[in-house]
Amino acid sequence: MSPISRGFHRRRGPDADPARVPPGQYVTGDFPVLSAGPTPHTSLDMWTFSIVGAVDESKSWSWNELQSLPQETVTVDIHCVTKWSKLDTTWAGVSVDALLDGVDTSAEYALAFSDGGYTTNLPLEDLQGGKAWVVSSYDGEPLDPEHGGPARLLVPHLYFWKSAKWVRGLELREDDEPGFWEGYGYHNYGDPWKEQRYAGD
Amino acid sequence: MSAPLDGNAIGGQLNEVFGTEMTAATAVCGNCGATGPAAELAVYLLSPGVVGRCRQCAALLIVLVTVRGITCVDLRGLAALEPGPAGS
Amino acid sequence: MERAAVRGRLTWQLANVVELAAETARTRTIVLEPAEPLGHRAGQHVDVRLTADDGYQAQRSYSIASAPDDEHLVLTVERLDDGEVSPYLVDDLRVGDALELRGPIGGYFVWDESLGGPLLLVAGGSGVVPLRAMLRHHRAVESRIPLRLLYSVRSLDEVIYRDELTRARPDGELDIRFTLTREQPDGWDGYARRIDRELLADVAWPVEDRPLVYVCGPTGFVETAADILVSLGHDAGRIRTERFGPT
């Protein structure tokens, strides 16, 4: 056990209702940029979002097609596994329910995939029922590339590593395939309220 | 803001994992063959784990994830990682 | 003289804070006495770990500012605005406190005489810290290797080790040049801009001299300097870089 550094304490964030802060988290007023690789830059006329895998027919939308789907604005709290939480973040985009509408599948799992090679896995039901979006705007502005723009997945009820930046699609799967961080020992599901940070938690 | 640091920034962690100083070790990218000291890898630290990439082609070379005191080390992206020349 | 034996695994140890000194408005020098002498080489760094009373820990790396020949281990820390560790070290740490650290770390961004020269040290802001260790070591061993330091900094007020670096030298071997990028004092006749190709071409040793180059500072600065030096014809293999940034 290390000796205590006299007078040192973690950075204090803004005060927050403890009922909104999952165990082990602290609230920040910033929006930290976490990244495991260079920021991709895909031009919008080459960009597509696809649903592939255990489906009869893949579906794909160009940027313009995605933007012309019904857009929703949501305000949610987000929780990063590196312990910061940010409350009342506002995003706009297309609900994953709208994207899955009409998709016939027996898949129970999804693997989200992104430019740059990042992947993350989720049970398909965690992407449905108003729990997930493909968002292209944050705080009223187009989503900054450093925060995942042009579009990222938003799944606020799970740790934020599941909200894949630079998302390009979902691969629907009958079996669960661990994504990038899950393969290195992060929790397969990632519920912040049960503090499921690592496999075995 | 997401500009990576370099292998110097993980010198301590690499020493911890390998038991010896590694920043002067020669890393060979398994994807493009770029060769250079581990100190020059593009290192992403603001992340759930430590990621080291090839500075030329951005291929994933090293991933370090510490869970409950145990560090998982993935070196699959490297074609080679050899101790540096003596005295370097 | 080579004091460092081949070390095994790094271990954490405690170092007593014996002296503190403000260098600039945002940087402070911390003089330490580790329980076990580090035996470091110029350019190496230490990892510092702070522990709060609730068990929370934060760890950062800091370049060693002292030469291996100096009596104490010295760090110089810059306060980052939204930092977690640096404000503590710069504002709160007191003489008599104990700092947990491990080191020395690094075998690439190091210089000693056996590596030769001529030396070109290029510092951006607090990147001057490990280069100052090299400078002090160079002086301590009375090296005849030609050495030139280019220090890019916003204003004279932000120059770290200002007295030490601006002191007149009897020998002609050390050549220290500043570029003040944001604000210059009246009558300043030195460089007054961010580094660019022309400035580096001016300051760098001729390509045929095959200088050994050390560049340290923020990532953008280091990449700009290294790219320019390579484009001027310098051997990329003789340019060593260390990037500083938030962690």
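Details
Going in written order, the chains are labelled A, B and C, and every chain counts its residues from 1.
In this section, contacts are C-beta pairs under 8 Å (C-beta built on N, C-alpha and C of every residue); 3 or more make two chains touch, one makes a residue touch a chain.
The model shown is predicted, which means the values in this text are computed figures rather than measured ones.
Contact count check for B-C and A-C (C-beta pairs in contact): higher for B-C. Comparing per-chain C-alpha centres with the mean over every protein C-alpha atom, the closest match is chain B.
Chain B has its Cα centroid 27 Å from the Cα centroid of chain A.
If each chain is reduced to the centroid of its CA atoms, chain B and chain C end up 22 Å from each other.
Separating the CA-averaged centres of chain A and chain C is a span of 39 Å. Of all residues in chain B, those touching 2 or more other chains are 4, 46, listed in ascending order.
Taken in their complex, chain A has these residues touching chain C: 2-11, 30. Contacts from chain C toward chain B in the complex involve residues 7-10, 45, 47, 61, 102-103, 105-109, 114-115, 219-220, 240-247. Residues 32-39, 81-82, 116-117, 146, 161, 181, 184-186, 198-200 of chain A touch chain B in their complex. On the chain B side of its complex with chain A, the touching residues are 1-2, 4, 42, 44, 46-49, 51, 53, 58, 60, 63, 65, 67-68, 72, 74. Only residues 3-9, 11-12, 15-16, 19-24, 37-40, 45-46, 84, 87-88 of chain B touch chain C when the two sit together in their complex.
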